[in-house]
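Just so it is clear, A, B and C label the chains in written order, and each chain counts residues from 1 on its own.
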Amino acid sequence: MFDLHMVLAITGVALVGGLIGLDRTAAGQFMISQPIVAAPLAGWLLGDATAGLIIGAMLELIWVLDMPIGSFVPANATVSAVTATAVAALTSPGGAPRSVLGFCILLSVGTVPFTMMADTYVRTWNSRLLDAAHAADGADVARSLSRAHLTGLLAFFLKSVVLYVLLLPAGLVAAALFLRSPDRVRVSMELFLMLLPLLGAALVVRRLSISALDPFLLTGFITAGLLAMVLHLHAVMITLLTVVAGWLGVRYREHRS
Amino acid sequence: MVLFVRIDDRLIHGQVVEGWVNYLKATRILVADDRVAANALQRSIMEIAVPQGLKVTIGGIDEICSQVRAAGENERAILLFSNPTDVLQALKSGLLCQSINLGGMHYVPGKRKLRDVLSVDDADIASLRAILARGIAVCIQSVPNEKPLQLAKVFEACSLS
Amino acid sequence: MQSLGFSYALLPVLKKLYPDRDEFEARLRLHMEYFNTQPYLASFILGAVVRLEEDRAAGRASLSAIDAAGLKAALMAPLGALGDSFFWGSLKPLAAVIAVALVMTGVWWAPVLFLALYNLWHVGLRLSLLFWGYGSSGDAMALMERYSFTKMARLFKAISLSVLGGILAGISGWRPEFASNLPLPGPVMAGAALACTLIIVAVLRRGGSPIKFMLGLALFCLALAYAGVV
C-alpha cells in the first residue's frame, strides 16, 4: 500500500499543507488556509479537484464560525480539509465515489483533537520564546525578538508537516478498511454526504440568526424557489439574486424602523 | 436577569461579544469597573464597538450592583468584572451568584502564570480563595466551545489551595 | 503571542526614532507587553503607535497626550470585539456561504471568488486602517464613524442567511454528489430541506461542538442503512 509513489505524495501534501497552514497564523491571513480554498488546491495537486471542492465546501460550512477569538485556539480546519482530500484522492485515483467522500469528511473529525493539541503546544512554546526575548539583556533584545519571530513561523510550519506525516498514513489505512466494509456501511456514507449540507447550513444559521425562523433565511429561500420555478434562471444568477434579496430585506427593515 | 458573571481583564472583546453573547442569547452587557467608568474615552469606545442590537451599561461596581438588583427579569445580561477583587467587593455588597466564569487574567511582570489565560498575584489568589470559600464555583473557560476547568483543581495542582 | 508580531513590526521604526540604545531598548520592551486584538485591526493600532512614538521622539507630545502603551491597552479589547464580529463573524461567513452556494451548483471557480470577495475587503481595509491610525493618532471614535463596522456586520449576516435560504431552496439542482434518488418534486424537496435544517438548528441550540453533530449524523445514517430505509 505504501509504495514509493504514495510516500512521495504524502511528503508533497505535508510540505504544501505546511505552507498553506502558515496563512492561518502570522503570515498574512489571506484565507488560503480556509477549507474551501485549501482542499480544492490539495485535490487539484493530487489529480482530484472535484473531491477537494466538495470536501472543502462542506468543511467550510461546518467550521467557518469556529472562530480564533482572542487567544482561543480553534480546531484546525486546514489540516482536517487537506487530510480528508488527500485521503480521498489517494484512495480513489479515478475520482472518489460519493461514499468515500462522505467517509473522508467523517474521518476529518478524527484529526481535530490532534490538531488542537499540536496548536496549543506550539503556541505555548512560542510564548516561551517571547519570555526569552523579555529576559534577554542589553542589545540582544532586538536580535532575540527577530529570531523569535522567525523561529515561531518555522515552528508552525514544522508542526503542520509532522501532523500530516502522522495523520495521512493513519487516514489511508482507515480508508482501505472502509473500502472493504459491508455495502450498508458504504450506503450510509452516501446518505451522510447528502445530509451534510443541511447540517452545515444549520451550524451557520444557529450562529447568525436571531430568531428561530429567521426572516432573511426565508427571504432567500422564497426568492430562490420562485426564481427557479417561474423564470428557470441559471443557478449562479439565482445566488446573486439571493444576495440582492438579503440586502433589500435589510434596507426594508431600516426603512420601517 | 444576570445569566453569567465573568472575570476578564479585557472586559468587552471578541470572546464575549462573538462567543458568549451568541451562546447565551444575551441582550445586554454590564461592565462593573471603577477605572473604566471614570474614563470617558474608553467608555465610549466600548459602547460603540459592540454589535448592533446589543446594549452596554458601564459603571462603577456599586452602581452596577444596585442596578442588577433593580433589573427586571426580561433582560438577559452578562456581567463583567476585570479582576477577582472587584467581584469580591460586589459579593460583599450583596451580588448573588452561584458560579463565576474566569475568562482571562493575563500575564504582566510580577504575576505568576498558572495557565495560559490565568496569571495571578497574591491579591488575586486571596480574592479567588475568598470567592471559592463562599461556595461559588469558579470555572476557567474563555469561550463556550472550550472545555471548562475548575479553578479549585488548578489551585490544587499548583499547590495553592 | 501577538505582542511578538507587534513589537517585531515596530522594530525598524523604533530603531530609526531612538538612536540612543538605552532609550530604544526601553521603548521596545514597553511594546513587548501583553497585546491581543483582532489581527487586522491591529494595523490601526500599529499606525497610531508609530505616530505617537514619532511625536514623542520629536518632543511634540504634549503632557496630556496619551502614551503609546496606554493607547494600546485602551484600544485592544474594544477593537478586538469589533474586528472579531466584523471579519470573523460576518465577512468570512458571507464569502464562505456565497462560495458554497456556487460549489453546490457545480461551479469550479467558487474558491477563487471566495478569495477575491474576502481579500478585496480585507486588504483594502487593512491598508487604510494602518494609514488612518497614523493620521488620526488612534482616534477610534472617528474610525467607527467613518467605517460603520457594526452596521456592515449586520448587513453581511443578513445576506449570508438569505444565500443559505437560496442554497436550501435549490436542493434539486445540487451537483450530482449530493443528489438524492427520492422521486419527489422540487418544491417538496426544498421544503423538506428547510424543515430538516430548522430541526437541526433547534437541536443545535442546546449547544455542542460540530464534532458531536457530525458523529451523531453519521450514526443516524448508519442506523438508517441497517434498518433498510436506504
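Some notes on this structure:
Here is the rule we use: a residue touches a chain if its C-beta (ideal position, glycine included) is under 8 Å from a C-beta of that chain, and two chains touch if they have at least 3 such contacts.
Because the structure is predicted, anything quoted here is derived from the model rather than measured.
Viewed as a network of touching protein chains, the structure reduces to a complete graph with every chain in contact with every other. Between A-B and B-C, more C-beta contact pairs are found at B-C.
Centroids built from CA atoms put subunit C at 15 Å from subunit A. Measuring from the averaged C-alpha position of subunit A to that of subunit B gives a distance of 33 Å. Averaged C-alpha coordinates give centres for subunit B and subunit C that are 24 Å from one another. Contacts with at least two other chains are made by residues 10, 13-15, 18, 53, 145 of subunit B. Multi-chain contact residues, meaning those touching two or more other chains, occur in subunit C at positions 36, 80, 84, 88-89, 154. Annotation for subunit A: residues 66-67, 69-71, 123, 127, 207 touch two or more other chains.
Put simply, subunit C touches subunit A in their complex at residues 1, 3-5, 7-8, 11, 15, 21, 24-25, 28-29, 32, 36, 39-40, 80, 84, 88-89, 92-93, 95-108, 110-111, 114-115, 118-119, 122-123, 154-155, 157-170, 173-175, 177-180, 186-187, 190, 193-194, 196-198, 200-202, 204-205, 210-211, 213-215, 217-218, 221-222, 224-226, 230. On subunit B, the positions that touch subunit A within their shared complex are 10, 13-15, 18-19, 22, 53, 104, 116-117, 142-143, 145-146. Per the touch definition, subunit B reaches subunit C in the complex via residues 10-18, 23, 39, 41-42, 44-46, 48-53, 106-108, 144-145.
By the touch criterion given at the top, residues 66-67, 69-72, 123-124, 127, 207, 210 of subunit A touch subunit B in their complex. Contact residues of subunit C toward subunit B in the complex are 33-34, 36-38, 74-85, 88-89, 140-141, 144, 150-151, 153-154, 207, 209.
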